[in-house]
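So, here's a batch of structures to check.
Heads up, the next two complexes both have chain A, just with different partners, chain B and then chain C.
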Partner chain A sequence: MTSTAPLPALQTETGRPPRDWVLIGLWISLFVVAVIWIAPFVFIVFTSLKSTTQVMTTSAFSPPVDPQFGNYASAWARGRFETTFVNSAVIAAIKVPLGLFISAMAAYALAKIPMRFGRLTLVLILFGTMIPFQVMLAPIFTLVNGFGLIDTYPGVILPYLAFGIPYQVFILHGFFRSIPHELSEAARIDGASHFVTFRRVFLPVSLPVLAALFILDFVATWNEFAMALVLLQDREMWTLPLGLSAFQGQFSRDYGQLNAAIVMTVLPATIVYLIFQRYFVSGLTSGAVKG
Partner chain B sequence: MASRAIWSDTRVQAALLLGPALVIYVVFAVFPMLDVIWLSFFKWNGLDPVKVYVGSANYVDVFTKDPVFWVAFRNTVIWTALSVAIPPMIGLALALGLNQPIFGRNTLRAVYYLPVIIAPIAVATMWRWMYDPFFGLFGQILTSLGLQSWVMDWLGDRDIALYSAFGAYVWQSVGFSMVLFLAGLQGVNKSLVEAARIDGAGRWAIFRYVTLPALRTTLTIVLVLAIISSLKAFDIVYGLTGGGPAQSTQMLALWAFTQSMQIFDFGRGSAISVVLLGVTLAIVIPYMRWTQKREEASE
Partner chain C sequence: MASVTISNVRKNYGAVSVIHGVDIDIRHGEFVVLVGPSGCGKSTLLRMVAGLENISAGTIAIDDRVVNHLEPKDRDIAMVFQNYALYPQMSVAQNMSFALELARVDKATIRQKVDAAAAILGLEPLLDRKPAQLSGGQRQRVAMGRAIVRNPKVFLFDEPLSNLDAKLRVAMRAEIKGLHQRLGTTVVYVTHDQIEAMTMADRIVVLNAGRVEQVGTPLELYDRPVNRFVAGFIGSPAMNFIRGTLQAGQAGLKVASGAVMAVGAYPSEFAGREVELGIRPEHIQVVETAGLDARVEVVEPTGSETHVVVDTGGEKLVALIRRRMPISVGDGLSVAFEDGQAHLFDAESGQRLDLEHGAR
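Take a look at the complex of A and B:
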């Protein structure tokens, strides 16, 4: 192989193994692609700090000379971020823990309590991981409208729960089944009910999985758009993605403010991701690719 | 004492543990799916108390009198074919590269995955601005390279708008495939790779005869997930073009939404949904049977 041909001079000087030119080439190309991947973020942040005149006269990647932090304040007020931010936060704060809790209970029951139709129920729920809710926006609207819950928190939280349950049950069921039988049997022989076994034995050992699912679900809930579009029509009830979409419709020529609005919408999920990075990967892959 | 007996009954406990999730799932996810099939046989504006049964008229209308349906159908097929081919391929290439012991690979992984966690509607807003023909990123880069003539109205030209929108989708979805492939690569037997290398196999031979066969399961999962997530492409297209210009980027999911929620023809909208649902099930059901078999085989 030519790639590992030794380079005597370098080798004797440093005493290191020969340089692998294929790896170096690989690193350079990965680095270049990464720069391309990150460029949109740089462009958005730069634009968010420019005035409209600066946007029109300076180049895309020139840093803002006179940063217009006012863009953020104006976008916050005009985009009604105060309202949308609170709505998004309330919905996520209720939906995410509640959804995880009921999914965990169901996963425990399906994994550890022998039931007639247990298998069938599991298949029915797993089926939901594959069905796109985008297909049934209209009937979801009709259903929620029938309950009189359009433009309310429960009206959007209940469908969110329903479409979050399948994936979480799928992952947690797989995890609970891998927990040795002895652990749950010991508790059961001591006379503990399934409720107690679930709470005292199973919830504590599944904390890492729950943490991963929590973060994935937080981001998914925070970002959800299509269902909110149908179920939340009153602008007092809008979530961040709806607010951003409306902002783009109304003020798309105020480049600086529009980009400030994008940054503010994207920032919370980005921060959560950067802090909890490793959980994303484990949450995604623990179920999908277990070999 | 009677109440204690009830609580200690295993069946009651099972019902209470399983109940909340199951009820919410059945009411808010399974029921709408059946309802959409039911509604597709009626003429209804979504609010009127009376629904008029029209048999298969909605389907006939959609198939024969709605030119946009076929545009949306064609676009959905193109979009799906592209999303099966392109993001997984780039994702695999990145995963193979980032599986090597190279400097800063965790940072690089984080960079590629970052767009995945951004709201698709925000991605649409970002890219709409980047595609701005006057001050957007692409226009500026091409101009600075002296290629002004290449600058196009990316989202306003009906011949290229669909592909411009797809560009944003690639940027967002590559990281997802990459992570799945990286996880799959952990399952490749290292001693087998080592043995092949000692036997004098080159990098390509190792990839072709050792790595790739070991990735077969992952590959299937990635491809099926790519198909399913492309069928539901909604946010990105809605945000970038809203289906325009002149319906040239219309997609099935978006067209079903438009018919029901904006034109208030729930019957037609539902008929379009049922078509999309049918296509999805044709892929999902064989896939689920395959995973079930795989699971039973591993037990």
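Take a look at the complex of A and C:
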């Protein structure tokens, strides 16, 4: 074949490349999946702006004709958001960074410091990821109650840490192991202690994966319901998800306000996600492929 | 400058022994290259000097101070790694100043030392860049800069040029050697590349399977290898070996095919002994008459010289010819060994048998 001969397999008669049906199929399914995922959110936002009458008389996906922004103000008051929002924020602000820091230190130690029983310790920590927390709710309640920490921030932060750390150690341990050992050896020759190596060399290198874990952990902590329900009985200590239950009265159902409350609850997590999502994606891949 | 004394050093990983009692004396300001095939223990030995590996037995002393139990930072050494090991999030200047910063040196002194090292290595325009923005050669230079600023007693290099392309490797080789001449610091350098070892070292230590085979200057090793391993390892293309029995009356070496090759003079008590004869490719000459009959199998011109693989009745030999000659595959030639250039090794032990008029 000469170099000027046409390439019939790659081009149609009009000169355009042939349609790639697999790619088209993938795009269509991607679009359908996106619609399915976005639909509830659209439903919630629309409903949050409707009055109860409108909710009952219009379709769930019809845009609100007369937006009821008042729903947000009423929901804020009725859900006692000034209390629950602060409680959620305090718990997330302490638990998420603290948990990540502890996990990172543990993962560094397990990955980079030769220890007797290091492997066994890792296995024990990983075992923690395998226990569903629902099974542990009653024992946790007894334990926290025993320490007199029911209805306190530590009473909920400590169990959150206990259930969050194993999973984060697992991810970070894999990541730290993939960092060439020469890097920590160079730091050691330069005179860095393990803590300095961890703080000055490993933490900056792991920013993407830390950002990813930060998002996941923030969203999980912010939305956590079951454990908070068991451990926080005083309404003054309730978190946002517990506050939402105030809208589920036996005799009253205000869907507009309920959905306004849901939007306000979900918003901070969404904002955190959008801010860090760039790192989130690169973090997931960097943990997986970096050799 | 410092001396490094390695005395009867051993390294075991559980039941597996990888270094079997190594003794090396490295003098003040010397450039010593540890060379050997993969897995010979050269990097392990270097890492033991650095303090990155424990020493199972024996002692390592730097300037007569035993350092066996000292942390790397307290040994006054600096190390350059094969993959550079630069801190990726730090700039070139920060990479170079990290050790000094940890040693709590004041900022002005740090600045001055980093600038001085950058000037030596031509890194001034790159001080604010991150390692990812540098080429391989520049990264290697930063790694050296990081070592230089600490002004250590000993530089340790662990195959620093293996990740560079051939041309850059030659350039960096000269640069490291120049640096050593300028600074005069003791250098221990590990490589598997015998050309690097030959070109850079004051003395070479050839290691094999956790043992020292020979220590000597590059030319000592080349001209008078103490055993078959060193003879085969040093030199490129490698030395040719022919197994056979030395004949009485200086008749030569009788090889497997039954032919007898002239190998020059040898003591009469060697007669009847089974040996391996070693001859370097450049010591095989193409002669008009009275040589071994050979058939050309491969011709590899490099420009400056031509490597010719010939078959002399079952024995394959590589000859290195510097003259331009019209040689092609299938040609019949007559080859002879240059007088007094053959090396004889005991066929069993591989140890060198000293020739009366043998290697210089």
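As a working rule, the second predicted complex is superposed on the first by the 238 of 291 C-alpha atoms of A that agree within 3 Å, B and C clash if a C-alpha of one lies under 4 Å from a C-alpha of the other, contacts with A are read in each partner's own complex, and residues count from 1 in each chain.
Going forward, a residue touches a chain if its C-beta (ideal position, glycine included) is under 8 Å from a C-beta of that chain, and two chains touch if they have at least 3 such contacts.
Here the structure is a predicted model, which is why all the values come from computation and not from measurement.
Trainee: Is A:Phe176 contacted by the first partner chain B, the second partner chain C, both or neither?
Mentor: The answer is neither, since A:Phe176 touches no partner chain.
Trainee: If you stack the two complexes on chain A, which partner ends up touching A:Tyr279: first (chain B), second (chain C), both, or neither?
Mentor: Neither: A:Tyr279 stays clear of chain B and chain C.
Trainee: Which partner does A:Val205 contact after superposing on A: first (chain B), second (chain C), both, neither?
Mentor: second
Trainee: Considering only touches as defined above, state whether A:Leu244 meets chain B (first), chain C (second), both or neither.
Mentor: In the superposed model, A:Leu244 contacts chain B only, not chain C.
Trainee: After superposition on the shared chain, which partner residues are touched by A:Phe214: those of chain B (first), chain C (second), both, or neither?
Mentor: Neither: A:Phe214 stays clear of chain B and chain C.
Trainee: More residues of chain A are touched by which partner: chain B or chain C?
Mentor: Between chain B and chain C, the winner on chain A residue contacts is B.
Trainee: Spell out the residues on chain A that touch chain C in their complex, using ranges where they run on.
Mentor: Residues in contact with chain C: 180, 182-183, 185-192, 196, 200-201, 204-205.
Trainee: Residue numbers of chain C touching chain A in their complex, please.
Mentor: For chain C paired with chain A, touching residues are 50-52, 71-73, 77-79, 81-83, 85-89, 98-99, 102-103, 146, 150.
Trainee: How about chain A: which of its residues touch chain B in the complex?
Mentor: 1, 3, 22-23, 26-27, 29-31, 33-34, 37-41, 43-44, 47, 55-56, 59-60, 102-103, 105-106, 108-110, 113, 115, 121, 123-128, 130-143, 158-159, 161-163, 165-166, 169, 193-195, 198, 219, 222-223, 225-226, 229-230, 240-241, 244-245, 248, 252, 255, 258-259, 261-262, 265-266, 269-270, 272-274, 277, 280-281, 284-285, 288-289, 291
Trainee: Which residues, counting only chain B, touch chain A once they are in their complex?
Mentor: 7-8, 10, 13-14, 16-18, 20-22, 24-25, 27-33, 35-36, 39, 46, 94, 97-98, 100, 102-103, 108, 110-115, 117-122, 125-130, 134-137, 140-141, 144, 171, 176, 179-180, 182-184, 187, 202-203, 217-218, 221, 225, 228, 231-232, 234-235, 238-239, 253, 256-257, 260-261, 266, 269-270, 273, 276-277, 280, 284, 287-288, 292
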